[in-house]
Amino acid sequence: MKRWDQRASVIGVVLGILVVAAALRMELGAWNSPGPGFLPAGAGILLVILSVAYGLNARWTTDPERARQPSPWIIEHWRRVVSVLVALLLYALLLDTLGYLIATFLLMVVLLRVLEPAGWPMTLLAATLIAGATYVVFGKWLMVQFPRGILGV
Amino acid sequence: MDLAGNVLAGFQVSLQPINLLYAFFGAGIGTLVGVLPGIGPAGTIALLLPLSLGMPPVSAIIFLAGVYYGSMYGGSTTSILVNIPGEAASVVTCLDGYQMARQGRAGPALGMAAMGSFIGATLSIVGLMLIAPLLAGVAREFGAPEYFGLVCLGVMMLVYLSRGSVLKSLISAVAGLILSFIGQDLFTGDDRFTFGVVELKDGLGLVPLFMGLFGITEVLANLEAPIRRQVYDARLKNLFPTAKDWLDSRGAILRGTGIGFFLGILPGGSAMIASFAAYAAEKMFSRHPERFGTGVIEGVAAPETANNAAAQGAFIPLFALGIPPNVAMALLLGAFVLHGIRPGPLMMEQHPQIFWGAVTSMYIGNAMLLVFNLPLIGLWVRILKVPYKMLFPLILLFSVIGALSVRYSPFDVVVMILFGAIGYVLRKMEFEATPLVLAFILGPMLEQALRQSLIISHGSFTIFFTRPIAAVCLGLTLAIVIANLVPLLRAGRKVIAAQETGD
Amino acid sequence: MKARLSIVASIVVLVVLAVVLSRSPLAAAEKYPVRPVELVMPFGPGGSLDLQARALAAVAMQHLGQPFVITMKPGAGGTIGTAHVARSKPDGYTLLLTATGPMSISLQLEDTGYTKDSFIPIALLNLTPPVVAVRTDRPWKTLEDLLTHIRANPARVVYGTTSVSGLTNLANHMLLQGAGIQASLPTVPFKSVGDQLLSILKGDTEYMVQIHSGLAAYLRSNQIRALAVLSEKRFPVMPDVPTAKELGYDVVASQWMGVLAPKGTSPEVVDTIAKALGKMVKDQSFVTMATKMDIPPAFLQPAEFQEFLEREYQKYGVAIQRAGLKKK
């Protein structure tokens, strides 16, 4: 954990520097009339300082209890987490192309099979029901404007 | 006409069967909308406006107002059950409410949320009746410097929201602050951090942000565990808050009402900020602050009471000043206007029956909501028994719909998912999402108030000291900083001492 | 076997053709409109445009034969929704309901994704003027008083606005220039009219230029005083307030609401909508609602609207240059 803390603090420092760099390209203004870049620059600097403190704190102090904990990145079912994330991202990116109804149907099929898959008939039925029901309830009754895909739904 | 006479006249209007019906439907729809993530009272009121055009003015107001304060009841439901805030004002309820649900105490959490909401709302309505004009006067005293002072105080609350390392909370907060800069600068119109992406011109959406960080992250975190371990403790311990729960919460309820009402009055103050502030204040005054975040009942009572108190308080600037403090109220103002009434300084004189009719109807509506919501607790709790393999796709889908319902833009869905991933990483590294969200909200307010103040004062910082309210708030902020700094310094000294003696 | 296959294949082809053709303009050319017409509003809920849109939608069905479905696409001062319509199919089922800002001003300030030629103007539906207002207890009773005060010490007069790159702020620039005031005033931006009003009442800002409908309640209760309206003629709702023009300052900068269609929409469609709108604007219930909002209806036909827009574009183009508001 300690090592990860230190690595994270480096990321924080880098991000902070990037923010300051971007902020400097905007008008900073003066102390008594701050421009758009003023507070972002300040925030970036703060991030750098805090990240350094965080890294040093991780380096110099040892909490015996935390040291005994395994790395947080050893995840028993990481495949599940990754596949759900990937599925969600693809869904979001394809939402406009496929339209809500189809995209949601596909998403539900994938998600329902992540934990203890129940066999294809059940999965397909559930996916259809869920996609269809939400389309009607939210799309028609509650007037949420769902994205329409190439087939117009 | 004296107060009692006004109230009586008001009840004569609001107790008419047709208005009772409108109150019921309005509050009912509001609750439903509050439960559903993403779709908020503002969008719903916008949808219902055309419908309300056919109603007599007072009925229209009763109906639409019901939607607004009703949504403050429903928002906590999903927060508690699945860690997804149904409403921005219910984000903080997730902290302890969800933990309670995992421990099998979803019933008491939901019950306390409902009852705290009722108490907060009712006491606020009393305030609204008694001192609306006076409070309006207070609201008018708040200019940019005063807001700056208040928001600084709010930023201090950040410190109190952290469960773990203060340093990590601060980093989260600064990250939230930086994220809040994305978008068009109010003052110059320049684009900040938008990288040419058109959808970022208005900044990151708050709803996709917190739904990703709270809802999606939670699902991802739950997926990594083996199926054998239950997400929710199957043994249900009581369906309603116990006597002990009530005892523990009495301070939270009272303080929550006060904080909520006060913040609700201010144009720009909101139910969401009230909920954060009440939670933080409760933790600040608690004898066991370290237990907050593990599932303490006060952690639910405080924000839920506050957000309803704030929602009722929000009617004051609308009725007495004609200035809507948020989007939903702006729509209500529109409804008024379409019916030919102009809320504001003259409304109470020119249309007393509308004012008192609406206000008394709020009592009735809140009472209905309490009666309505309590039996539903049994139903909600049953939802938790659905096997997680079916539940989590539904949770994710509702989050998606919620994100879509803000701007109908798939971009927001992408943002939500990205923040779900980011939230997951943050959680692994033991960072907290709450300070990030709070800083994201308060950051722009702080910057705006600061820059506005400096323009008004022609560049002089003394404005913050010559204006009494601002000075008081800043003074309090400083006091809290110092009070917190002392123990930190002591701890720091210990670390250095330990270093010197060789770890 | 082969025969069956070819029969199935032909049926499939026919079905596909049917689906495809039913979506083509040929089928829809029957009698426009055959389905609800989407009216895209590039602003969020609650504003005066939203209310007017709903008032319009309430009377649409009777005069058009189909309802208006209002779609909100807010963001970036109205430019996101406007750009969206510019890119939409010009089949007459997606129209833009918008105001001055995105059409005449924003596109001259930055790259919005559309130009003034991206649309076919259909009709203008109303005109509301900005009002120059101060708190009632301030010593300036006329516009001239205020301008003299500003001329004397521009750096000390704090001015508040809700639209840094929008209509009312530009109108203010035009006014100041007309008065010969070159220096820029300390300008406090606000997110809403409410904040702007509170600031005036508190005394943090000295004066404001804002569309009348946002100020109506405070004008009526006499907490703020209108010094002038920035319209061609006196505003019927406030007949005692002179126009800036009368007082010698030729600043006309009214906010308008109108309907436009994406370029390429057929002239028949434009004509149908224009006629229907013309009737809607005279519809009694619409007039009643509009009057309650203090926004008297007006009407300009497509050709007149086109000319109007051209003039507006020129007028604001000149003002933007003179005010030195850079084009990003």
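Structural remarks
For clarity, chains are labelled A, B and C in written order, and residue numbers in each chain start from 1.
The rule we apply is simple: a contact is a pair of C-beta atoms (placed from the backbone, for glycine too) under 8 Å apart; a residue touches a chain by one contact, two chains touch by 3 or more.
The structure presented is a predicted model; accordingly, all values stated were derived computationally and were not measured.
Considering the contact criterion stated above, no chain is in touch with chain A and with chain B alike. Nearest to the common centre of all protein CA atoms is the CA centroid of chain B. Separation between the centroids of chain A and chain B, computed from CA atoms only, is 23 Å.
In terms of their C-alpha centroids, the spacing between chain B and chain C amounts to 33 Å. With centres defined as mean CA coordinates, chain C is found 37 Å away from chain A.
Along chain A, residues 145 each make contact with two or more other chains. Touching of two or more other chains is recorded for residues 187-188, 190, 408, 455 of chain B. Counting only residues that touch two or more partner chains, chain C has 71. Against chain B, the residues of chain A that register as touching in their complex are 4-5, 8, 12, 19, 22, 26-27, 30, 32-36, 39-40, 43-44, 46-47, 50-51, 53-54, 57, 60-62, 72-73, 75-78, 80-81, 84-85, 88-89, 91-93, 95-96, 104, 107-108, 111-112, 114-116, 118, 126, 130, 134, 138, 142-147.
Chain B makes touch with chain C in their complex at residues 42-43, 45-46, 49-50, 53, 139-144, 184, 186-190, 198-199, 201-202, 267-268, 317, 321-325, 327, 330-331, 333-334, 337-340, 342-346, 407-408, 448, 452, 455-456, 458. On the side of chain B, the complex with chain A involves touching residues 36, 39, 47, 167-168, 170-171, 174-175, 177-178, 181, 185, 187-188, 190, 192-193, 216, 219-220, 223-227, 387-390, 392-394, 396-397, 400-401, 404-405, 408, 410, 413-414, 416-417, 420-421, 424, 428-430, 443, 447, 450-451, 454-455, 459-461, 495, 499, 503. If you check the complex, the residues on chain C that touch chain B are 44-48, 50-51, 54-55, 57-58, 71-76, 80, 83, 109, 113, 155-156, 158, 164-165, 186-192, 194-195, 197-199, 201-202, 204-205, 216-218, 220-221, 223, 289, 292-293, 328.
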